[in-house]
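So, here come the structures, one by one.
Look at the two complexes coming up: subunit A is in both, with subunit B in one and subunit C in the other.
This part shows the complex of A and B:
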């Protein structure tokens, strides 16, 4: 008879050793005091865990096969499928950064039980990366307009707002190990995976895409392990009172940053790239982020002196509007996208007005203009009509149209002789916590300052195999596609808004 | 009904209610994540009894899991009353204290150290704890007081003092004609008398969030609200709170000076007392007039995005819930404690 899992797990923890004749420098230093106690409530053993994950993988690949047979990729709403061109690479970026994040934590946290948990997570994150690449391959091979799926990861890294993913997920494996866990396990995975991988698949299902939910619900089934890793790590370090101010600062920083990117990404995809909407994103956020993460999870940490993020009310204010602003921002600069954006129509206006009163007055005119300019014969694109291009936030990389495109709260400032823009007070605060993190990358417009828009599109590689038709289009009509010649005729020169 | 092991507690489950929803509704805590069968955080073992498992668990439970009776509490619906769930293996770091969510019920002996007449039918009963000398509770919770001279008769009253005052409990008691405890309080109880207590109990209390709060109370329902307001003040609250208190005439109003002081010290707090019968008072009434529901609807025509905390007679609580629903407050953000009279 095989020994009980609990016994094997206890035994495995003893296979740990250290130096007694020297104190090695930590590979990744931490400012936290890490007590030697810590629990992995899952008691994972790799052999059994890998078998379980294999079963999950098999189900997903079987599901993708049946989607091929039923030709579901072309049954799904094209409006939604276009979003997958940028959303899936963004998720894959998160998974990949998390693979290295789990490795980072294994190397940093000298606690054998927590390490076991992170080892399980590393296996999960590799699995998720592979599943998402398989999903993208399925879309590429089966969707009628694959342009953009083929270069998704590179295209995302070059896209003006796509760098949001890198900015958001790099902290999974950079900086202080405890803050890595705070960002990855606590804020992203505990607060935000439910909107990401439970709510978004609901949207996919309603819009006819069954492959995305098949993949992401399998991914979601691993998240409880990752949340447990975060909770285990947090409960371990929060016992030490000196750690609490650091944890509070870390929570504040990552909660604001992850909100900027996740609430933008999920809000935009679920409301602007769907025909059928199961809910308003703000309500999803209220339930999972406020009621569950803040109201339940955080309330159990209060006795240790840890309080909810101070900017929670500010986040709530942003969630009302920010995705509307970014959605029209993406539409306005559509030639710089590698996917197509369907114009909003009367039924959409009605839905938005009923769920976000005042929407029509604030955004309806902009969508009217976008729709009016969607045919190449219009000879105009919406970005030409803007008084100036918005800079991109140096911290979170969203365009500085936050929270409302008509009332942005942009802050422009100089640091060590260079000009920067941030989208909000929260990002301004984050920038000054550690400016070196954020000063290394150029502002997106700066890279292309003075270039003709057509040359920017060519430099980005966002053209189809014929070498002239743009990947990005301001509609879903395959017969009225814009070409690079149409863009060149605009004679639109990109100007860096931060240039003196 | 479902029994939760290893804690050995049996709790009610409504028809079509999941075991997780029933646990959380009754102020208990187990680990959970998505509540939709996706994440697997609320894994447990069904060791006895019948149940139905939602089909949204296809990824989170393997065939082997199902064969071993592993379930997800969020997707488990009892079939009959005999379901026994064991979380000891799947949530082995969940302590009884965490499960009880701070509701560790104990017996206490206490000495009466304050007896005040607040109105013609409401008394303040202050008790200093003797054994054990401290109590840990959350603002909004209640305690049971043993009726003097009776072996197993208890009356429930909410604490009016904040948890920081852990060496005592202060109660606001409405006198019920013919009530046994009411009679003792009116006629016999004196400073220095000893009373038996057991608690704390209940899950009423403020939730962490960013939302502005509306609080509505009537009668002795002011007690838990007072504790909650004092606790919010002590913990650096910044959320706006509007507290409506409904009474019939000005002889039913009490602790106004204490509330005025709270308002002047805490700019986030607005206090709106309302009288339904302002005629025949001791002096002119300059405050709101009408039933508390009417005043609430008038002063807060929209409660969208707010959290509500209601405490008082069941009729008042139900009527206020209707007003809140009509003015946009989400049902899941309305928390209440119905005070059922027991003398």
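This part shows the complex of A and C:
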């Protein structure tokens, strides 16, 4: 009979030692007191871990094989499949950044039990990267319009809003190790992977794509252990009263930032890239973030002096509108995308109006204009019709159309002789917490200021193998594709909105 | 009602688990329906979400009996895509507690 898990786990974690002849400097400095204690709720042991992950992989790859047999990639709604061209590389960016994040924590948390959990996490993140590349290859080989899947990671890095992923996930492995855990384990993985990797697969399923849920629900089964890593670390440090103000600040910072990127990503994909919608994103956010994360977790930490994020009500206000604004923003600048965007039609208008009263008055006219300009013979693109291009937020990198495109709360300011824009009070506060983090990268428009739009598209590499047809298209019609010549005929010069 | 009109920080005693759609998860859902009738079970097409006040408890021996074969906590965790509350994994049992510091975490 195999020995009990509890007994083996207790014995194993005793294999730990420190130095009594030297006091090595910490590999990564921290402002927190980290007591040498803490518990891993899952009692991760490598033998059980390896068997479990092998079984998970067998199921996912078996699922992909059956999808190939049933030609599922072309049964799925093309509107949804186009979203996977940018969503999967964004996920992969997160996994890749998290690999080193787990390493940060292994080096910093002086507790064998928690380290074992982080060791499992590091392997998980590598597994997720590989699964997502396999999923992307499956789409590339089997979907009828693969343009964009082939250059996904590079294309995301070049995309004006694609840098949202880098901005959002870089804190996984920079700065204070405890704040790495707060950002990665507590905020992103516990609060936001649920809408992203549990709720969103239901949208994939209803829109006919069975590969995405098979892959991502398995990935999320690992995220469950990462949530527990965050819990073990948080409960270890929150019991030191001097840590509490730092934890509160960290929670505020990462909750606002992850909300800006994740609520935008999931809201846009689930509502604007689906034909069949199981829910309104606002309701999903309320269920998984407000009820499950805040109500059943953060609100219970009051006895330790930690309170739910102060900007929670502000987040709730933004969630009503922000994804609608970004969705039409992405559509307006469609030549700068590496995927296609299907125009909204009457059935979509009806759904939006019933779930977000007032939607038609606010966004309907813009979608009417987008649809009217979708054929190359129109000779116009929606971005030409805007009074000015919106700047991108220097913190979260979303376009400054937040929370409503008709009433943005953009803040423009100078810092050390340079002009910056942020999308909101929350991002303005984050910028000034540590400006050095946010002043190192150029604003996207700045890179292409003064260039013809056609040359920008070529510089980004967003053309198909024929060298002239754009990857991005403002419709799903295979016969009426825009070419680089159509774009050059627009004579549209990109102008940095922050340039004096 | 818009989200921002409700009490966003209300403390809840609810715990929950999400299970990937599979024959094994179907057995767990059947077990919950029979033995924890106060639990709320929602079918989300490709996963189930199970919620209950204060505690969810899954005994692997019970699930093995229903499946007609051996079933370990690691098999169960292959199917568990997410949870909320405080999870405690023991030999043959997975529990999710509402309290912030269940017994195992109190020292």
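Following the convention adopted for this analysis, the second predicted complex is superposed on the first by the 497 of 500 C-alpha atoms of A that agree within 3 Å, B and C clash if a C-alpha of one lies under 4 Å from a C-alpha of the other, contacts with A are read in each partner's own complex, and residues count from 1 in each chain.
Here, contacts are C-beta pairs under 8 Å (C-beta built on N, C-alpha and C of every residue); 3 or more make two chains touch, one makes a residue touch a chain.
For clarity, every value in this text was computed on a predicted model and none was experimentally measured.
Engineer: After the alignment on subunit A, I want to confirm one thing: do subunit B and subunit C clash, or do they fit together?
Structural biologist: Verdict on subunit A: clash between subunit B and subunit C.
Engineer: For A:285 in the superposed arrangement: first (subunit B), second (subunit C), both or neither?
Structural biologist: second
Engineer: Have a look at where A:4 lands relative to subunit B and subunit C in the superposition and call it first, second, both or neither.
Structural biologist: In the superposition, A:4 contacts subunit C only.
Engineer: Is A:206 in contact with subunit B, with subunit C, with both, or with neither (first, second, both, neither)?
Structural biologist: A:206: touches subunit C, not subunit B.
Engineer: Quick one: name whichever of subunit B and subunit C touches more residues of subunit A.
Structural biologist: After superposition, C is the partner touching more of subunit A.
Engineer: Go through the superposed model and pick first if A:130 touches only subunit B, second if only subunit C, both, or neither.
Structural biologist: After superposing on A, A:130 lies clear of both subunit B and subunit C.
Engineer: Touching A:194 in the superposition: subunit B (first), subunit C (second), both, neither?
Structural biologist: Both subunit B and subunit C are touched by A:194.
Engineer: Touching A:158, do we find subunit B (first), subunit C (second), both, or neither?
Structural biologist: It touches nothing on subunit B or subunit C.
Engineer: If you stack the two complexes on chain A, which partner ends up touching A:319: first (subunit B), second (subunit C), both, or neither?
Structural biologist: second
Engineer: Following superposition on the C-alpha atoms of chain A, which segment of subunit B from the set 21-29, 273-281 or 309-317 overlaps subunit C?
Structural biologist: Given the superposition on chain A, subunit B and subunit C clash at 21-29.
Engineer: Just to be sure I follow: which residues of subunit A are touched by subunit B in one complex and then by subunit C in the other one?
Structural biologist: The overlap between the subunit B and subunit C interfaces on subunit A comprises residues 39, 41, 43, 52, 55-56, 59, 190, 193-194, 197-198, 217-218, 220-221, 223-224, 227-228, 286, 290-292, 294-296, 298-300, 302, 308, 312-313, 316.
Engineer: Within their complex, state which residues of subunit B touch subunit A.
Structural biologist: 29, 33-36, 38-41, 43, 58-60, 62-63, 91-93, 98, 207-211, 238-239, 330, 332
Engineer: Where on subunit C is subunit A touching in the complex?
Structural biologist: These residues of subunit C touch subunit A: 2-4, 6, 8-16, 18, 20, 44-47, 73-75, 77-91, 98-101, 104-105.
Engineer: Contact residues on subunit A for subunit C in the complex?
Structural biologist: Against subunit C, the touching part of subunit A is residues 4-6, 39, 41-43, 48, 51-52, 55-56, 59, 190, 193-194, 197-199, 201-202, 204-206, 213, 217-218, 220-221, 223-224, 227-228, 231, 235, 278, 282, 285-286, 290-303, 307-308, 312-313, 316-317, 319-320.
Engineer: What residues on subunit A touch subunit B, complex-wise?
Structural biologist: Residues 39, 41, 43, 52, 55-56, 59, 190, 193-194, 197-198, 217-218, 220-221, 223-224, 227-228, 286-288, 290-292, 294-296, 298-300, 302, 308, 312-313, 315-316.
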